[in-house]
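Listed after this line are the structures, all set down as structure tokens.
In the two complexes that follow, chain A is the common piece, with chain B as its partner first and chain C second.
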Partner chain A sequence: MSAAAEDVRARPVPRSARRQAADAFLRDRMAVAGLIVLVLAHAAAILAPALTRWDPTIGDEDGILVPPFSPGHVLGTDEQGRDILARILFGARLAFPEAVVPVVAAGAAGLVLGLIGGFFQRVIGEAVMRTLDVLFAIPMVLLAIAIATTLGSGLPTVILSMAIVITPYIARVVATTAAQQRSAPFVEAARCAGFSEWKILRREILPHVIPAVVVYGTTNMGAMVVFAAGFGFLGLGAQPPTPDWGAMISGGMRSLASAPWVSTVPGIAIVVISLAFNYVGDGLRVALDPRLRTRL
Partner chain B sequence: MLLYAGQRLAAIVPTLIGVSIVTFGLLHLVPGGPAVAMLGMAASDPKAVAAVTRELGLDRPLPTQYWLWLRRALGGDFGMSTEFHVPVSSLLFPKLEHTLILTAGSLVYAIVIGTILGITTALYHRSLFDRLAMLFTLIGASAPVFWIGLLLSYLFAIKLRLLPALGMTSVLGPPTVLSVLEHLILPAFANAIIALAVIARIVRSAMLEALVQPYVLAARARGLPRWRQVVVHAFRNVLPDAINITGLQVGFLFGGALFVEVVFGWPGLGYLIYSSIQARDYVTMQAAVLIVSGVFVIVNLAADLARLALDPREARR
Partner chain C sequence: MTVLGPAPVPARAAEGEAPLLEAANLTVRFGSPAGEVHAVEDVSLRVAPHESVGIVGESGSGKTVTCMSMTWLLPSPPARYVGGHIRFKGEELRRNDEAQMRRIRGRGIGMIFQNARLSFNPAYRLGAQIAEVLRMHFRTPWRAQLPRVLETLRYCNIADAEGVLQRYPHEVSGGVAQRVSIALALLIRPDLLIADEPTTSLDLLSQIEVLGLLERLRAETGLALVLVSHDLNVVRRIAERVVIMYAGRIVEEGPAHEIFAAPRHPYTQGLLASALQRTEGGRLYELPGTPPDLAALPPGCSFRARCAHAFAPCTSMPPLLPAGAGHAARCHLLAREAADG
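Moving on to the complex of A and B:
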């Protein structure tokens, strides 16, 4: 066996791109912690009936506004004597779909619209981008609330209106990324090599656009948890007595002076889940961008 | 520069037309159509529906309807509120003023605290102060404004009794500027938190970049005091970015005001929209969306022009 062959074998095997991304994500302690929180909270939402013996919709008249850390009610009860922990757990069953579904739907719509605007451009692309500009001119929260009020309250309406208002934001991320890549040297090279526009899109553009959408979308899921709570707070979300974190906060407003925990506890749940999504999004940003990764 | 300013000014016309089409369309999404939306409870009477349909031309083609509606809206006629039975415009404009006061208060907090926080955290990069401040801004940006409002209200108004919890002026005695300011402190701060956090983060990262630029080194080499290097040489270059992001935050401050007004009983547009939601008063809602969006577009234009005036490189392009 020659010395040269030895050297080749001694060299570390280059890791796959996916493996490198996973390693970068796992090195980010806050991102891993965020992911663990999300997995645990999701599991708790699924296992809610097994985790609490209280019904989240039926109150106990003898135990209204019980403070937290009382026997039987770890997080206390609300003005109707309903166990707050039970309502938080069952409320998570709404919070997760409200965070994920609008972002996934808007991600798909934004991807198509953004590519039309940023990659194919031409007249139709210009028309799409100008139309989206109009939606930027209306404050997001106001537009979403106007749509939801018009269509009537309820979970599907809330999800639909959130999806509509974040679509322009995602489309803009896609369009700017695609427009930047369009004139990049490797796209020129692909064009010279005789690649069709579709092949360029699939092989050269999408690998840049998809990670950008994933990162932006994940970070936005945190914002959607807060956003959805706003709908619940205004009475536009799931209707009572369904437990909803935002509605729980507004429900506790009247007893704020005597029982501040009724409003405080659901807010903490919102902050924790929203932060967790943000940290996971940050972790993905570094993991999915090889340029940021090597700088570490 | 003037040419560009003119272009920007002209560009808001199609945007405003687009906004008006969207808000016009809202009423057509109401189950039962615009006539039902405009009549509210009275829509059970087919004669009333027919009368409104004829009066507003709702039986005409959509473009004609839009044109008729736009002409009335430009003349200040937004229709009658189905909840309060008065013209929407008489309801809207006094409330708009109150919301602008709240938004302006929030903007002052966001700009002053956000900028100071951004500069100091950049100067003490990676210190404990930097880490704590960044954690605070992250938590602040991840929390619902109404929840922050309730916490502040509980702590400062209910427990410590330092500030009023509700309203815009004191019910005792005539309304004075001082009493409005006193009532403004808590709601404006609650509403400012997210914008404050965003501004602090943008200023911090832009300052970190600016502080290592050759022009700051040159200022240092010339023996200028540290504050001059930071404020006059580094921050001056951050200013266009800061103004840009601040303009974008105004929309979120309007959105946040909606919730904060409910928590603090602030008699503004947000409170009006909140009552419109409860009462399904679509006409008031529609007008509020139109007016707030108009203000938002103008504020962004102003921010854009200010940025242009401050950044000669942009102006030359």
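Moving on to the complex of A and C:
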């Protein structure tokens, strides 16, 4: 027996659990493609000033509504002569925080509320879940718009209202998963073995809840890209001249017939990023579940 | 043998020895839309140190609820503990004393379940779960525990002990999972092991293997065992004393050989007659009827409606009447026989 083999046996959880998850993720081609798209898009957002010589807020006096693939303006320009590629790149600097921050915030809030509702239950849990039900009854978009109009437009408002709106959804995923696992035979067995309730929560429930939240959250980030674009479209998001994908679509509406690229290009960006988040989420679903990832 | 620790103690309990576990007048009910379900009514149970007790009854007879109540495991609500006391090693087990319960569960009273695969968390490898439980009970590093773990797994007929530790619960068979859970119980060394239908979800060969293992375990370690089963043949093989439950009550209890040779309660007689006997030909006996609805128990003997011997006194609930040394049955026939001389 080699020393290496001996070493592997001495570990209760071999490193390969993580490795197995990575392998399962890598087997999913769409997930890998999605991840590559997200990484490249994020890098492009960070490197935006280096990737384009145009200022996204200042128009080129000579080139209003220049079609794509023109020299100097690869994706064309809009009605003010601003370079669309530059605006897409700088717009991505908003799109990523708008997708990720609300979901992370709602994820944390939803985790706490969902565990109170699904694991601890009792009266306080019931109260939490019924309150969330009230939020469910209000259409998501209307609620977000109501919050945004109350607080005034701007990026922080967009993020906050989106976080508030999706918290009940995440809390419900957490509560359902926790309630399901709570009565699972292995939880009963853990209680039988002398585990305390906190230990059961930490060791038996959370390992099932966290992947569910991560997967649901990642998929939601895709939806948030679209959602945030909707805010921008309605003028509730970042204020002009800040480049915002949603605002870019609404800006291009007036010239849709003559210069369709002004609205279409940001639309494509939204679809691509949103789909990428969805595929990554789906890949994570398989990778994080030991029962799905180990195909024998 | 190092796996088993100290030298085995003689398996048979001395008469009159202080019981290891004593449940007195346990009554557990559940609220339901159809009315209150009388799951367990006035069950008293004693398990002596090193004794093996079989609890037999059909589904819904209260076997599992009785077992779970030994360490107050049923969540309340929906369960309602109407009455009863549990004493373990002379210590009163308080229902709401979580610290005491955590001390007793696992170390004092261990349990293994019907579906062993489901009693492991699907998110972790078996090795990680064994490590977790051992860390909690012994606070020794896994590396120091490992040789004993491997040895115990091999003792439980798991040839590829190293390999099993690396598997997820869904990657092993039900039989292997059950043997791993027995190995885990053996590693913790409870004074009392409650096995709730440990062979029910297994194929015949695995059943034989798991039963053989439990038998060997008991003979060699002297731990006390409560074996719950609906299968008389399983209990016959291991139990020294047998408790028969029907509709939430104990209807007969006594030494195994007496129960099997001379059952006194008509229900036990019916059960025995319907258990498959290899030597007998012809049609297997069927107990007529079905058990009563626990939410709407008729007054009197619960078995009355299915009993061929039912007579006038059966409209009142009979007490457990003595039927020999350590043998009792809940049947008015015994009183009539005694009166007849």
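The rule is simple: the second predicted complex is superposed on the first by the 278 of 296 C-alpha atoms of A that agree within 3 Å, B and C clash if a C-alpha of one lies under 4 Å from a C-alpha of the other, contacts with A are read in each partner's own complex, and residues count from 1 in each chain.
Definition applied: a contact is a pair of C-beta atoms (placed from the backbone, for glycine too) under 8 Å apart; a residue touches a chain by one contact, two chains touch by 3 or more.
Predicted model only: the values in this text are computed from it and were never measured.
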Practice problem: Could you look at A:Pro240 and tell me whether it touches chain B, chain C, both or neither (first, second, both, neither)? | Solution: neither
Of the partners chain B and chain C, which touch A:Ala189 in the superposed model: first, second, both, neither? second
Check your understanding: For A:Arg291, is the partner it touches chain B (first), chain C (second), both, or none of the two (neither)?
Key -> second
**Asked** Which partner does A:Val141 reach: the first (chain B), the second (chain C), both, or neither?
**Response** first
Checklist entry - Should A:Thr150 be classified as contacting the first partner (chain B), the second (chain C), both, or neither? => result first
Chain B versus chain C as contact partner of A:Pro67, first or second or both or neither:
neither
Max touched-residue count on chain A (chain B vs chain C) belongs to chain B
After superposition on chain A, the chain A residues reached by both chain B and chain C are none
As the complex stands, chain A meets chain B at residues 130-131, 133-135, 137-143, 145-147, 149-152, 222, 226, 229-230, 233-236, 246, 249-250, 252-253, 256-257, 260, 263-264, 266-267, 270-271, 274-275, 278
Chain A partner, complex, touching residues on chain B are 14-16, 18-19, 21-23, 26-27, 29-31, 138-139, 142-144, 146-147, 150-151, 153-154, 158, 251-252, 254-256, 258-259, 262-263, 273-274, 276-278, 280, 282, 285-286, 288-289, 292-293, 296-297, 300
The chain C residues in contact with chain A across the complex are 71, 73, 98, 101-107, 110-111, 113, 115, 118-125, 127-128, 130-133, 136-137, 142-143, 146, 162, 165-166, 168, 170-171, 181, 188
Per the touch rule above, chain A residues touching chain C in the complex are 9-14, 17, 184-186, 188-197, 199, 203-204, 207-208, 290-291, 294, 296
